[in-house]
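Consider the two complexes below, in which subunit A is the common component and subunit B and subunit C are the respective partners.
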Partner chain A sequence: MGDHLNGYGTSEQFVLNEAALKQNITVFIKLFATFRDKRFMTQHMDFPVRSTVREVLKAIEIPEEEVAICMVNGRSKEIDHELADGDTLSLFPPVGGG
Partner chain B sequence: MHAYVGTILRINLTEKTIKCEPLDVETAKKFIGGRGLGSYLLSQEIDPEIDALSPENKVFITTGPLTGTTVPTGGRYMVITKSPLTGTIASSNSGGFWGPELKNAGYDIVVLEGKAEKPVYISIKDDQVEIKDAAHLWGMKVNETTDTLLEEFGDPKARVLCIGPAGENLSPMAAIMNERYRAAGRSGVGAVVGSKNVKAIVVRGSGKVKIADEEKMKAFVKDAMKKIRENGVTGQGLPTYGTAVLVNIINESGVLPTRNFQTGVFADAEAISGETLAAEYLVKKDPCYRCPIACGRYTKADEMEGGGPEYETIWCYGSDCGINDMKAIIKANHLCNEYGLDTITAGATIACAMELFEKGYIKPEEVDGPELTWGNAEAIIEWTKKMGTSEGFGAKLAQGSYRLAESYGVPEYSMTVKKQELPAYDPRGIQGHGVQYATSNRGGCHVRGYLISPEILGLPEKLDRFSLEGKPLWAKIFQDLTASIDASGMCLFTSFALGAGDYADLLSAAWGVEVTAEDVLTAGDRIYNLERIFNLKAGLTKADDTLPKRLLEEPMPEGPSKGWVHKLDELLPKYYEVRGWDADGVPTAEKRKELGLE
Partner chain C sequence: MERYLKQIRFSGVGEEGQRRLLSSKVLIAGMGALGTHLANALARAGVGHLLLADRDYVEKSNLQRQVLYDEDDVERTMPKAIAAKKKLQSINSEINIEAVVADLGWSNLEPLLEGVDLVVDGSDNFDLRFLLNDACVRSAIPWIYGGVTGAHGMAMVVLPEQGPCLRCLMPNPPAPGTIPTCDTAGILGPAIQMVTAFQSVEAIKVLTGRVQDLSRGLFSVDLWTNRYDLIDLSEARRTDCPACSLREFPFLEGKEEMQVIALCGSNSVQITPARGAKLRLDDIAERLKVLGKVQQNPYLLKVSIEQMEIILFGDGRAMIKGTQDPLAAKAFYTRYVGT
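On to the complex of A and B.
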């Protein structure tokens, strides 16, 4: 997309509108450490538009309080962060080391 | 005598004398013990300008007041000396069981001074201390040395600390090993021991460390154990996966050093992750003295088995060398343990050599072994052996990445601070951690102030890893608390679950005097400034408080930290200010007075 959008706003707005028109967003979910037990390592999943991390956790049955680190596209985010189509969500239980 | 056993064992190798000296308890308390007291004694007894490998250098092997007590993780000892790698003060920490055994034998500290005429080892059985011939041990690797000494000592419960061939060859990346797999790894402390012609120290003790208030201690230990067990990191993450669990999280953050810090994203991170290690190679956990965390791993790959690898070994031999072969990493780790090499400096030096090879500085004809190409599993194994024996081109590598890159006229390809290789976190995407790297008193190091905790793991609170706000003060507080933990004899990993107040409580019960959280942090500040003053006297300046050019000038090329460089020039002046140092990074007279360091 690009030039043909002239006069209709930025391409970013266009993506947003396109997402709004879509029923669902697709999120790439990556699970780590014990979260993988009886679940999966990575998976693409669809959610209704405007879904937050909380809805994803509900769907994959991870209690909120077990999430120590939540990253969206590599950046730390809170559980109520609203996801966008194409986001990568990485979820970790408490981990650390050095 | 409480918490300390009250005796310094001084061994002069030139004179072949063994002396027991009383420990000055008041001075000891001022610096707590371990790293603090060792740094004080080194500063008192040597000229910081001497050659680290000369007989004038001394080695202080120190325990803390909590070493050998009932305190969880109270098994640490430290090695303090002048470093042949960095020219700074060196203080390397190790776990296992050697430290408590030394205290049970009746000594807080062992001092090695002078130089033996021929290879020797030290045998300690309570008050029977001997300097013994080690001609038959010289050249042996760590496992064989340990087996031989246990046999000779005649007690399987004895604890062996030794150097491998790397220490004998005076490689500035040589470690001191204890109980085969535990390492006082960094800054070339093994080379200093090698320069004194000392191969090993075997110890067995029948005593017990006494503390002042048993009842109080029982209650504080119970409380600390509860906190450690209930904390997600120390109660779940580290026990299940060991330190290697970090591979994925650091890669997801786009700060996993890859191909000599050319990028922060490694496509094959999963193959070298803690999850993969646990699923495919873990044999058992291998805990240290009184440790409820048990992060230590014991792994097997083909015919090689033993302790490790830690996260710090996996990143430098893995992503930093473009290696996705976990088996090869386990083998390289095993070889480092056998030859007595610091895995971080060893792996990161091979990564630097691979970049020098890629860029055409190292010519194929000078390389008498496997090609130094990214991802070459055979190369990391063979070059580790050759560094361990200082054979052929391996002798050049065994000098560390700074001296290697400098010999080609391009020291900027060495990812070091003060000539010591940086650990596993690219500071372009972790701004606070970067200022900590630049100001660490032993050069590139993560365990002098682990800001990964707030900046990545969100502990004790979540900080924006790209923000500069408040980071100099965070760096100072973490550095100070770390210095006190290192001085106490406890493991730094307890700090995921415990705070300054908890360490104060444990010290109070051990000493029988009231210690506050503020006292703990002040002691840390004192230790940090003491080390800084040593370094300044050794000739280091503000110019040494820096990061490799790449991290300051080349924006991260891809991933979640894309576009960032490290903003050290903005952070450093503020760091000096919160430290109470002048614009040149020198502790002011007021600061010295405040800390009792005049």
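On to the complex of A and C.
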């Protein structure tokens, strides 16, 4: 990064400009256990920029209170966490029997 | 040591590892499907001191998966901890096994942790798991979560201070009624075996000091659709975790305990969950209708299962009719509503 490309600016600026122009973000969604029933196991989905986990849950029809673990890129996050382009979102219901 | 020859030959254990196992003390919290498989594995492996804790007695519907019990235990209504101890001592008479017939709660858990090197989760509810997490994080005792419903299973090792704890992943327990339980979603024996195989081998690693070989991930398995995942948790510890970072332990202080009160003269018990909830009564009715006829209005639902009747209100409160035993009522609520 930082090298001049044909005198038109740095590659870093180029990437930032491209992101600014984008209207949607793409999120990789991974569902586990019963969340997969009648849905999918993994899927790439587009959402408007500044979407949170809440918007994803609405789109895939999972009630918020049924989410036990919500991880974005391997870190636990709240339902109102704002997602970024390229994020991986993993959702788990409580698995509590035994 | 002859009994353990094949295990000693495995390079991960060796003679030194076996000696460590024999001098270890483990609490198995809950002796249902998970607990019986865990106890079976650890007793045979030669864990020197096992504490088996359970509040329940053996019923016929347990025999499909709860591996230490038999028809005679059902006939004699044996407490699970007692029946398990008897069976395990006939398998390995050289180890020390203590049966604790009790409902583990904040008031009785801490004395049981005296000298314990590891706690393994054999429970069937998140109230107990959050309590175990509080207690183990506070006392820096490793513990191993496991849970199963249907053909799905999950498990993880909690090494206090060295990785995420349960509350790093789940800041709060699930609301009552949002959890499919073994009694509503069913359970497959082999799913228990998968999860307890993970828990047992991780237990052996903890006890033999092979911390470098421990799984640092969340194990997730769906046997029916053939999915096996290990989700990387190396970045999952939270700096704002209420338990392992902020060191708040409300479950251990009894602030998050379900209230269970026997009501005089009416052969019923009232249950009030620790947190108010907004239940989706329609969803719960859907799950329970396979077990009995469900009557429902916008405020509550009513269903009779076996000899008991539950009236469940939208805020999670319930009246259990047909018993005056708070423990039986609590077990009934855990099984059919879920906590």
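Details
By our rule, the second predicted complex is superposed on the first by the 77 of 98 C-alpha atoms of A that agree within 3 Å, B and C clash if a C-alpha of one lies under 4 Å from a C-alpha of the other, contacts with A are read in each partner's own complex, and residues count from 1 in each chain.
Quick note on the criterion: contacts are C-beta pairs under 8 Å (C-beta built on N, C-alpha and C of every residue); 3 or more make two chains touch, one makes a residue touch a chain.
In this text, all values refer to a predicted model and were calculated from it rather than measured experimentally.
After superposition onto subunit A, partners subunit B and subunit C are found to clash with each other. Judged by the touch definition given at the top, the superposed model places A:P63 against subunit C, while subunit B stays out of reach.
In the superposition on chain A, A:G74 makes contact with both subunit B and subunit C.
Among the options 129-137, 183-191 or 327-335, the segment of subunit B that ends up inside subunit C in the superposed model is 183-191. Touching of subunit A by both subunit B and subunit C, each in its own complex, is seen for residues 32-34, 36, 41, 68-69, 71, 73-76, 90, 92-98. Partner subunit A is touched in their complex by these residues of subunit B: 231-238, 240-246, 248-249, 252-254, 270, 274-275, 295, 310-312, 446-447, 450, 452-453, 456-459, 462, 464-465, 492-493, 496, 559-561. Within the complex formed with subunit B, the subunit A residues making contact are 30, 32-34, 36, 41, 68-69, 71, 73-76, 90, 92-98.
Subunit A contributes residues 32-34, 36, 41, 63, 65-66, 68-69, 71, 73-76, 78, 90, 92-98 to its touches with subunit C in the complex. Every residue of subunit C that touches subunit A in the complex is listed here, in rising order: 30, 32-35, 121-126, 129, 146-150, 152-154, 164, 168-171, 174-175, 178-182, 185, 187, 192, 195, 218, 220, 222, 225, 227, 229, 231-236, 238, 277-278, 280, 338.
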